[in-house]
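Please find one structure pasted underneath; my questions will follow.
Letters A, B, C and D mark the chains in the order given here, with residues in each chain numbered from 1 onward.
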Amino acid sequence: MKKPRIGVFKFTSCDGCQLSILNLEEQLLGILEVFDVAYFREVSDKPLAGHFDIAVIEGSISTDRQVEEIIDVRERSTFMISIGACATCGGVQALKNWASAAEYKRSVYPSPEVIETLATSDPISEHVHVDYELWGCPPDNSAILKTLTSFLLGRRPPVPTYALCMECKQKGIPCILVSQSEPCLGPITKAGCGVLCPSLDRPCYGCFGPKEGANIDSLFTVFKQFGYSQNECMQMIDKMNTYAYRKEKYKAASPT
Amino acid sequence: MKKRIRIDYLSRVEGEGGLLVEIKDGGISRLNVSIFESPRFFESFLRGRPHQDIIDFTARICGICPVAYQMSSAHAVEKIFGVDVDPQIRLLRRLFYTGEWIESHALHIYLLQGPDFYGAESAWTKSEYLPLAKKGLHFKKIGNDLLSVLGGRPIHPVSVRTGGFFGVPKKKSLTALIDDLEKAYEESLHAIRWAAGLPFGGIERDMEYVSLRHPEEYPMNEGRVVSNRGLDMTMEEFFGALREHQVERSTALHSAVQRNTTMTPYLVGPLARFNLNFEMLPPEVKSIIRETGTLVPLHNTGMGIIARSAELSFAFHEAVRLIRDYEEPAKAFVEYSPRSGTATWITEAPRGMLIHRYELDDNGYVKACTLIPPTSQNLGHMEKDIHAFLQKNLEKPADYLKRECEKIIRSYDPCISCSVHVLVLKRN
Amino acid sequence: MYDKLIPQPATIRWIRKETRDTSTYAIRLNSTRTVGEYRFRPGQFNMIYLPGVGEAPISISSSPGDRELTHTIRVAGNVTTALSKLSSGDTVGLRGPFGSGWPLEEADGRSLLIIAGGLGIAPLRPVVRLLAKSNHPSKNDQQCPKLSEAPVLLYGAKTPKDVIFRDEFPRYRKFFRVYLTVDKTDPEEYWKGEVGLISSLLGRITLNPLNTVVFMCGPEVMMKCMIRGLLEMGIPEEKIFISMERNMNCGVGTCGHCMFGPTFVCKDGPVFRLTDVARFLAVSEV
Amino acid sequence: MKKKIRKDSFEAFISLLQESYRLIGPAVDDGVVVMREIVFDDIPAGYRDHQSPGSYRLSKGDDADIFSFAPGPDSFKRVLHPPEKELFAFRRGKSGIVIDPLPARDRPVALLGVRGCDLTALKLYDRVFLEGPVQDRTYHHLRSNSLIIAFNCLFPGDTCFCASLGTGPEVKDYFDICMTELEDSFLLEAATERGKEMVGRLSAEAPNDADWKGKRMRVDRCARMMKKTIAAHELPDIIYRNLDHPCWNEIAARDLECGNCTQVCPTCFCNSIYEIPHLDGLLRSPPETSGVRVRKWDSCFSTNFASVHGGNFRYSRSARYRHWISHKLAYTGAQFGLPGCVGCGRCITWCPAGIDITEELEALRNVR
């Protein structure tokens, strides 16, 4: 059987998600054996050419040129997976979506005219159809492996979609929201990170984005009882997955 | 004669950049390392944010060296708040950094730059290179394992906070890593020989290299800023002497040190650190370097791989030492109360000095900030290197020049994702 | 007796395409020499397993005594798609049979009305075949109920192309009163059956409602609509049996996915007496 | 077999257990009483907790009692129905498929401190996993290798309401050994061979009348101190009569669907089975599909818990919330003849939104 051709593409991002793939270290050579890694600019000179069975996308869309590029990549690929907060929901840079880009540019660069940037940082799925999204800032690399292996077997990856709290309880970590009144985003955040923060007594700050149907307002009501202001609450969700949390928040305003 | 060298997308570097050179009438009329990585405006959206967000946000500037960002920002904020951390916290931070140096250096040596010496397009296309790729991945994994124990995960670790850590590791989960680290250290010593024996092109150039220097140790989180041309300043003073300007077709700013009226581009990174702090390396590393006949200081940026390999060994060695010395502190962080102020802090990221400066308000919210990553400090220098190389080789075919230019750029281990985050200072 | 939670290797003997997305798979456990060794009741289901892909509950579409154990499967997701890529000779995992099955004894001495919508014909086919066969003088099976009159079979599909087991209906007509209907016709297909919703057929059949037993399987909306019609006809609730579908992971009442009100569809069902579930069918999203 | 040991020989009892069993019992982690593998010193002697909807705080008490704390988030469920358990390993290649039921190699476990409420839950688990159409081998193995050391609660938790359900606080049956803590001694009652074997090895005195009185007094005191109640006598009717009531929407508005309640609930057994493929099988020559099948805790609050091809049978939050409460307070009774809620109060304390099942039931009871 011909090896599936895979391409790894980068848009506006920190490179961390691509690095997550490289961080598979011991399995990486295995991946190279079962896939034909035909494009992966971070680690290979291979030029962009041909059709891809899988395109793995990192990064958000934030320039006109990237809009064209992502359309091109979509046209040359059968199955598209976006990985990481930037690709799935615009990333931390989507914070500029709530501010004026011109103002942003001015504050950073002395001659802003030469900088090309869209007013917003967009998820890949706002420009092209995405077949599968792997959330997280960064996504857990074992989930990347599961996703790729699942592709070979022709199935959806076995990645649960429930709240982080589920994973937290399963791991037997004492809940810091209930026992310490910490403003943990676990109840509204997707599981998948391995409960890194609560296991360090740190409230979850939402790397994996909102879980489906997250009841953000109800959690904010709890946080307010702990003494946090509305502004502080908003800042808690306005991070790497700001766009996704806000969408979920305003969607949930109308009851399901 | 008119020649154009154009690299649309640099490969085997972090982030998106290119190179454009125009050669006309026997001279270089245009030379521009361009960066089209789209800016992400961190400095803008940090404004009005609580101080912990600095650590979590700036980490997201770079997936390769998030720890560096976390370190520079934690130190800067602590300086403003007047926080003194426990010696064990200091130790853990240094250990954290060794993990990132290992991970980042192994990646660059074996997966990014290494293939250049074997004419390979990637670490896995040539079977003769595969053993080296495997070794690199193995080293890298050890660095990542260390990062995971300390921070939960290697990319954007979650444990760092102002005043220390959210949680500190158990001694036994760290000592469990010693075996691997020690073995890797032994292997890495051989690898220095390998690196020193590589066929280097490029050219030697007189240059100013800058790094931190610490009286007792190879620099990471603390020290004064020094150079081979007599610079010896505090972090704040260095920040005052820094000048940056924007160049056309680039979203990054170039840096230089100002002395009186002259502006000198300078070099930061492993080569600079190695040259300026050679004496602080473990004796075995030093003697192997000497045995290979390598002359210190290095004056060819192409030889950065030797410095990087020496630092990789050092990092393994240092990690073992730190783990042995580690005692679980009673508290993972020190209490503090936020207050207003401004501070600069510099730490040694794998790619060189990472400069952070923050102005915080009374509640510890960000009023203004400046981030100057190593790659942007190196850009001017990089262009000069390419210029010098081309000047000597103008007659060679464009293809060859293009390949060589790309190698020069790669030897800097540029991190273009980082380099777009430079804020110009309004200074009189 | 093997552990019914561990899939047993079984071999696909043949695959027959029924419609564009549905095929019938004859599968035999490797541990059995004859198909008869595998005992089940009409209306029961098996869990079909494909290592690495997953497991899916699939009704048995053949009847006991048939030459092969068959499953008629529509492509819907992970497992069913992967199955569609297999060919005869390939191995799958199989465990079962599970669930309640059709209460054939209830039909003894009564009239039987079988109603199937879409793929819902699959779990009913064993009953149809059993009855058709027992009508054959040479094969009088005692397992089979003695009906008071020729049974009625109502079957609705989306389009003529979606009619499953189309070739078999002429045979069934010898014994059954068969009514086929499609939601809409297809210009490319010859169709001489009815057109319209299956519920519209109810008025056409003559049965003594008080002496009739109904076996029904199909999409839940269709079943709810038919139930209304059946009750209007005067068929008592306790004589109506429906087969339900729910998400299932274990098949034996330990995973909780298939719960429908207080019932487990996998072990209390999938075939239920309407009286046992009617109050929950009346509530949405139970 | 009934015996009495002095408190200073309690440690000896613990050591005795540890000779034959992996000992799982209460310990304090991060200010919370959890259940995990323990040594004697881990037992949080004299700790008292303060629980209320969505809140838990632990403090060291000053009395001489050892087991003065109320239930924390964990129960026997973590051990006998582990959060994640491999069911079997598989390989699929050219020559067919091979299923390897993984060898059962879990060490026998002694569960120290199973409360009255949890024993009812344990009974329910046995019915779910052992008395269904097929006996669950995985559960059976863990269960049959366990020693249940029950105990009579000294004090109720602030969110407990077992007394009104009749599931506690007094331990009546379904244990191997039952402990009752008295002023300076423990009463040990062994009900099974396995339990007798352990207790029999202790040098101990026989309890006298005063001891039995002491037990009675303590059990009664605990029941008397319990603040919460639930309208058990009107169950399951309140639920069944209101299944279609619009009030579910209001009740569910605060629900975070985080699933915490179901994870801490000792009767919630719902799970999902996942196929975890391994890459290395694909690297073999000829390549094969290999991996493991694992069972993980899940929850009816997971949005796709009831999804099938063509839709989700419980697509709204209120339906999922209703399902949970209904399963706890109505369905389980019909399914297994046991209460689905045993009154331990865990879901109340560990719900970040502080949703209180007893209050929600009251609200339902009062709707028109």
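One rule holds in what follows: a contact is a pair of C-beta atoms (placed from the backbone, for glycine too) under 8 Å apart; a residue touches a chain by one contact, two chains touch by 3 or more.
Because the structure is a prediction, the values reported are computed rather than measured.
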Exercise for review: Would you kindly say which chain has the C-alpha centre located farthest from the C-alpha centre of chain B?
Suggested key: C
Exercise for review: Mind checking the centre-to-centre distance between chain A and chain D? Centres are C-alpha means, answer in whole Å.
Suggested key: 36
Practice item. Could you tell me the distance, in whole angstrom, between the mean C-alpha positions of chain C and chain D? Key: 39
Check your understanding: How many Å are there between the centre of chain A and the centre of chain B, using C-alpha atoms for each centre?
Key -> 26
Check your understanding: If you average the CA atoms of chain B and of chain D, how many Å lie between those two points?
Key -> 51
Practice item. Check each residue of chain B and list the ones that touch at least two other chains. Key: none
Check your understanding: Going by the touch rule set out above, which residues of chain A reach two or more other chains?
Key -> 153, 155, 201
Check your understanding: Residues of chain C touching 2+ other chains?
Key -> 52-54, 77
Exercise for review: Can you identify all of the chain pairs that touch?
Suggested key: A-B, A-C, A-D, C-D
Review point. If you look only at chain B, which of its residues touch chain A in the complex?
Key: 9, 11-16, 36-45, 49-50, 53, 56-57, 60-64, 66, 107, 111-112, 121-125, 133-134, 137-138, 140-141, 144, 152-156, 158-159, 161, 165-167, 245-246, 248-251, 253, 415, 417, 422-424
Point to revise | In the complex, chain A residues that touch chain B | key: 10-20, 22-23, 25-26, 28-29, 32, 37, 40-46, 62-63, 65-66, 91-93, 95-96, 99, 103-105, 107-111, 114-117, 121, 137-138, 140, 193-194, 196-197, 199-202, 205, 207, 232, 235, 239-240
Exercise for review: Report the residues of chain D in contact with chain C in the complex, numbered from low to high.
Suggested key: 87-88, 90-92, 96-99, 101, 128-129, 132-134, 136-137, 240, 243-244, 269-273, 275, 277, 281, 289-291, 295, 298, 300, 305-310, 313-316, 319, 322-323, 326-327, 330-335
Check your understanding: Within the complex, which stretch of chain D touches chain A?
Key -> 29-32, 34, 36, 54-58, 72-74, 78, 83-84, 249, 253-260, 263-264, 272, 274-280, 282-283, 287, 289, 296-299, 301-304, 315-318, 349-350, 352-354
Check your understanding: chain A touches which residues of chain C in the complex?
Key -> 52-54, 77-79, 81-82, 85
